[in-house]
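All chains are identified by letter, namely A, B, C and D, in their written order; residue positions are counted from 1 within each chain.
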Amino acid sequence: MIVVMSVSAVEEDVGQVISAIEARGLSALRMPGGDRVAVGIPSAIPPDMREPLYQILSVLSGVAHVAHVSRPYKLASREFHRADTVVEIKGVRFGGPHIQIMTGPCSVESLDQMQAAAEAARAAGASVLRGGAFKPRTSPYAFQGLQEKGLKILQQVGREHGLLTISEVMQPDLVPLVASHVDILQIGARNMQNFPLLIEVGKSGHPVLLKRGPSATLDEFLLAAEYLLHYNNSKVLLCERGVHPLDRSYARNTLDLNAVPVLKEISHLPVIADPSHGIGISRHVPAMALASVAAGADGIMLEMHPNPRQALSDGAQSLTPGQLQALMPRLRAVAAAIGRSA
Amino acid sequence: MIVVMSVSAVEEDVGQVISAIEARGLSALRMPGGDRVAVGIPSAIPPDMREPLYQILSVLSGVAHVAHVSRPYKLASREFHRADTVVEIKGVRFGGPHIQIMTGPCSVESLDQMQAAAEAARAAGASVLRGGAFKPRTSPYAFQGLQEKGLKILQQVGREHGLLTISEVMQPDLVPLVASHVDILQIGARNMQNFPLLIEVGKSGHPVLLKRGPSATLDEFLLAAEYLLHYNNSKVLLCERGVHPLDRSYARNTLDLNAVPVLKEISHLPVIADPSHGIGISRHVPAMALASVAAGADGIMLEMHPNPRQALSDGAQSLTPGQLQALMPRLRAVAAAIGRSA
Amino acid sequence: MIVVMSVSAVEEDVGQVISAIEARGLSALRMPGGDRVAVGIPSAIPPDMREPLYQILSVLSGVAHVAHVSRPYKLASREFHRADTVVEIKGVRFGGPHIQIMTGPCSVESLDQMQAAAEAARAAGASVLRGGAFKPRTSPYAFQGLQEKGLKILQQVGREHGLLTISEVMQPDLVPLVASHVDILQIGARNMQNFPLLIEVGKSGHPVLLKRGPSATLDEFLLAAEYLLHYNNSKVLLCERGVHPLDRSYARNTLDLNAVPVLKEISHLPVIADPSHGIGISRHVPAMALASVAAGADGIMLEMHPNPRQALSDGAQSLTPGQLQALMPRLRAVAAAIGRSA
Amino acid sequence: MIVVMSVSAVEEDVGQVISAIEARGLSALRMPGGDRVAVGIPSAIPPDMREPLYQILSVLSGVAHVAHVSRPYKLASREFHRADTVVEIKGVRFGGPHIQIMTGPCSVESLDQMQAAAEAARAAGASVLRGGAFKPRTSPYAFQGLQEKGLKILQQVGREHGLLTISEVMQPDLVPLVASHVDILQIGARNMQNFPLLIEVGKSGHPVLLKRGPSATLDEFLLAAEYLLHYNNSKVLLCERGVHPLDRSYARNTLDLNAVPVLKEISHLPVIADPSHGIGISRHVPAMALASVAAGADGIMLEMHPNPRQALSDGAQSLTPGQLQALMPRLRAVAAAIGRSA
């Protein structure tokens, strides 16, 4: 942490800053400069002291501003964990050379629908079947999901087709229920900072895909992952799914593919991209899926519905089985172009 | 809803759109135009049909785009509830001519701290004492709150000083506990779209202050309020607390005061402003509190700590009791300037 | 500037950073830390070296990131110019205790229109008459302004009514023409980083109101002001006019009133607020004008048209003379509440 | 255009809306609905009437809101120009199956530097050499470019190496000078809405690459292109170069690749992507260049400098010749994967 003093700060102000730092058992380094003085804290700051210290120093007299020089997360950082983490779930490896495809409908609607979806997923070479049972819906009037019944359908169909399953969990007390039915828990974008949920999923140790919130910075995203890791869940997949767009005239979100190479650099965790939510219009999803692979994503989540026109949710962004099938050869060719497989 | 056809749409495309609408028992109105045709749906669309219909029509052949012409919320809208809602809680009225002041520390830290805060709140003429017991913290390493012990301190101190109390609830299963201790539940910005929580707080019927999410549009904000109203909670206060900023060099958030007159026009619910989170720097909070009053807010939430330099959270944005005391005469003068009291 | 080394940086990396700094005649201070080393540059960095040095250090091996510790502007900063700058133009003082009102239509349309506008401006106690002659229009099909004829009308009417005049200049070669007709040049939001224009207006020494760009950070805004000051124009008014909004369903922009107290603190220049563009809907402009005064603005720019329904541009955000007249007593009362006049 | 009346609008309000529309020679269609009435304008609205009509209708009594149903641009729209526009410049075709590479340094610094850059560009198979001579610099203290001397170097080196050349023009009166030296004019992101410049470049008919502004919506971007087309310049290349990011901790901008497939659908103009500015960190540029190709871009602009550590501007985002060389095989493989060449 660096405390930059104002040009008009007096010696007493600097002394107060140094005292405040030393009072917490840390060392302070005075850096005289041209116009002004800065005070650095060379020692490592204990993580629970980082925020209150920042706050306290910010309001001291003569302080212009306080800058963090290290990142707030540690377990999620590649600095302390150099090697790529490969998350292995029942033999399926996320974060290795093979790019995993996760596909299926937004919502589980019926056994027939899921069986058709699973067949299409298998045919496309996907390894994970998705389907929402507890649905986060912006409007109270929208379809809220089949809940436990939906989980059972998903579980049954996943088993029958040899696919891993993923479904969203929205509240801490339902973590055991959802975890008992699916292979991967999903924490949705709107729950990225639902801390009780993060803690409970962390404690469960169950594999989890964490979606980035729509206005979350990467530090906030990795701090949410840090919650999971801190509570002893090491099977964490990060998922970029689009941030709040400049306007919504042409797309629901802005898929932030910059986040893919950056996250791969600053964290050791696998990174999944979700172009379906990231652009929100089915006819543009293939282009963005290919771009996601090219940018370096370790997995691609694609909404696919046997009959998007009848979907109870997200029909506009869902591929048909035929569209998914048509996309896959190009997707594999792009993967091969960068030395990977899909 | 208006379905705008592409210039190159053929008659068969238009026919399919009309069929899709009529198949759902709605009427369709063909609007021939200069370059293109549009199809309007003049009848009121049942709320649970709004979203799937929009999705289905969006992907039909020849459709350029689909535009909603009505807002997605109804109970929160002033169109169907013309008069201002005044939320009365134990005799304190929110939404009337008197502007209510809600103040206290970010976190309950101790009985002594809360007693000092309550005295300062009373002296300033506040009606509500705030204090967090369950804290949503971006980092797992930050202070997480005193939890139930904190609620008990808040309740005791509120009673002793004749102040209403407010504290955040973060998960559905804790709604009964928090509601048994405080007069107003707070739903934090990061939980604005925590739908299980909204449903549970809705069902409780307990007065609630709902904070706007950091990248929530006003439609999303009012849809979150709609959840509360739909589940039969009529005591809802809206709170603007700042949106994601252009950059964080000089302020934590951008207090969106435009939202105050707009929300007052489109909704009948009281609107509270939170300049402490909205700018995040204590020395600028008074200016933004005055601006919030001038913009028409029905209440002002102000973080105040007996000793901000020792605060376990949000010290940088907390006023001292003296700063709060100094602000109040100006705040009352601004209120008077627009025909209100504070 | 602080160069934060990666945890895995080796001694040679640190040496390279220090050499790169010293090669430019600056001193480097090694700051050993817990996990990593940082290198500070205590000496003042010449302004033209700031950016290339940052760029060069960023790409050196072992560098985690580079952080500026000082702000990039100097002439616009309060640190080197402690006192408020009061810009005096023909006896009208901006930045003193009296809040100046600038009003008039978006575009000069006719002599009659401007005379009616000027009368309303006088009646309201305004000191500046605005009117666009060269109009920046998003669409090539929109009204582009009366150009030189418009300037002449504005000049004549301003003189007749004893009002200062302001009009936008959009290109460097027209600076002399516009400056010969109006008292204050306006640089529009879309031209905030039109550097040739900034240089030309800077050299002219003519009083200028600089609008903040719709996605400009405050550093970028003050750097644009720095151009004006650097080229020897000391008569600079800053203007906050709203930033790009989260969505445009209810307002054209988000008036960022946080910028008012922050700019007043970090810069010595007067700050004007433009609630007309800032919210874009005439019936909400009064609330935001009052909020702007309460937040500490030194002047308020208000679009007003004798007949908004006939306006050739910005009719939806223009007040009528009657609405302006009705606003003024409340605006003066809010000014008085914070110890100022209007 | 659709005028949605408020639920409480009375018959007289509706009549006034219809009169206002018919008074402008347009027809109005009353659409009775469940809760409210809407009024549609089925006829094509002349482009110069679009904005004032919208403004006038917005402020009429009883109007809830007004929605555009058609897009504001016409010449740039694919609706009226179904086929892809291929811009051919001296035999180089933009918008066809071959993806063009544009590369070179941010700024022209010397003849030697440009010759080294041109050799590297040729070796990589690029068709266009870039180099800034008039530089838009955020700070007045930064290097401002070699100006005319720089143009001459660029022209000479381009000719010698058989490369097209591109350089930015920043002010209308310099359009003839820059156009006399380079094959393609560049309009920078900060000048996207510099309307006098757009008009002058439009009139010149000289090939132009138009960069999207950092907070420009796609409608605003295509309206800027519409200026160029309207003033009779048909050789327009669109360029996505990143939008204002959520935060700048890890990247200068957010490359909005969603814009690529969307622009290709709604416009007939070629779309270039600029991953160098789009992410701003040289080591991440290759991943984003590959993603840009996969997303469907017709050309890629890549900053490359013979010695980035000595660059006078943008060193941190410039590739070395070796990095460019290493990228090309993968870039060609991705192009081949989607049926194109590069």
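Assume a contact is a pair of C-beta atoms (placed from the backbone, for glycine too) under 8 Å apart; a residue touches a chain by one contact, two chains touch by 3 or more.
None of the values given here were measured: they were computed from a predicted structure.
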A-D or B-D, whichever has more C-beta pairs in contact: A-D
Most remote chain, CA-based centroid, reference being subunit C: A
Cα-centroid distance, subunit C relative to subunit D, in whole angstrom: 26
For subunit B paired with subunit D, centre-to-centre distance based on mean C-alpha positions, whole Å: 37
Euclidean distance of C-alpha centroids - subunit A vs subunit D, Å: 30
Where subunit A touches two or more other chains at once, by residue number: 215, 244, 246-247, 249
Sites on subunit B touched by subunit C in the complex: 215-219, 243-247, 249-251, 253-258, 260-262, 265-266, 278-279, 283-284, 287-288, 290-296, 330, 333-334, 336-338
Contact set on subunit A toward subunit B in their complex: 46-48, 50-52, 54-56, 58-60, 65, 72-73, 136-143, 170-173, 190-191, 193-197, 199, 214-215, 220, 223, 226-227, 230-231, 244, 249, 281-282, 308-316
Interfacial residue positions of subunit B with respect to subunit D in the complex: 2, 4, 6-8, 29, 31-36, 38, 40, 42-45, 64, 67, 69-70, 79-80, 82, 244, 246-248
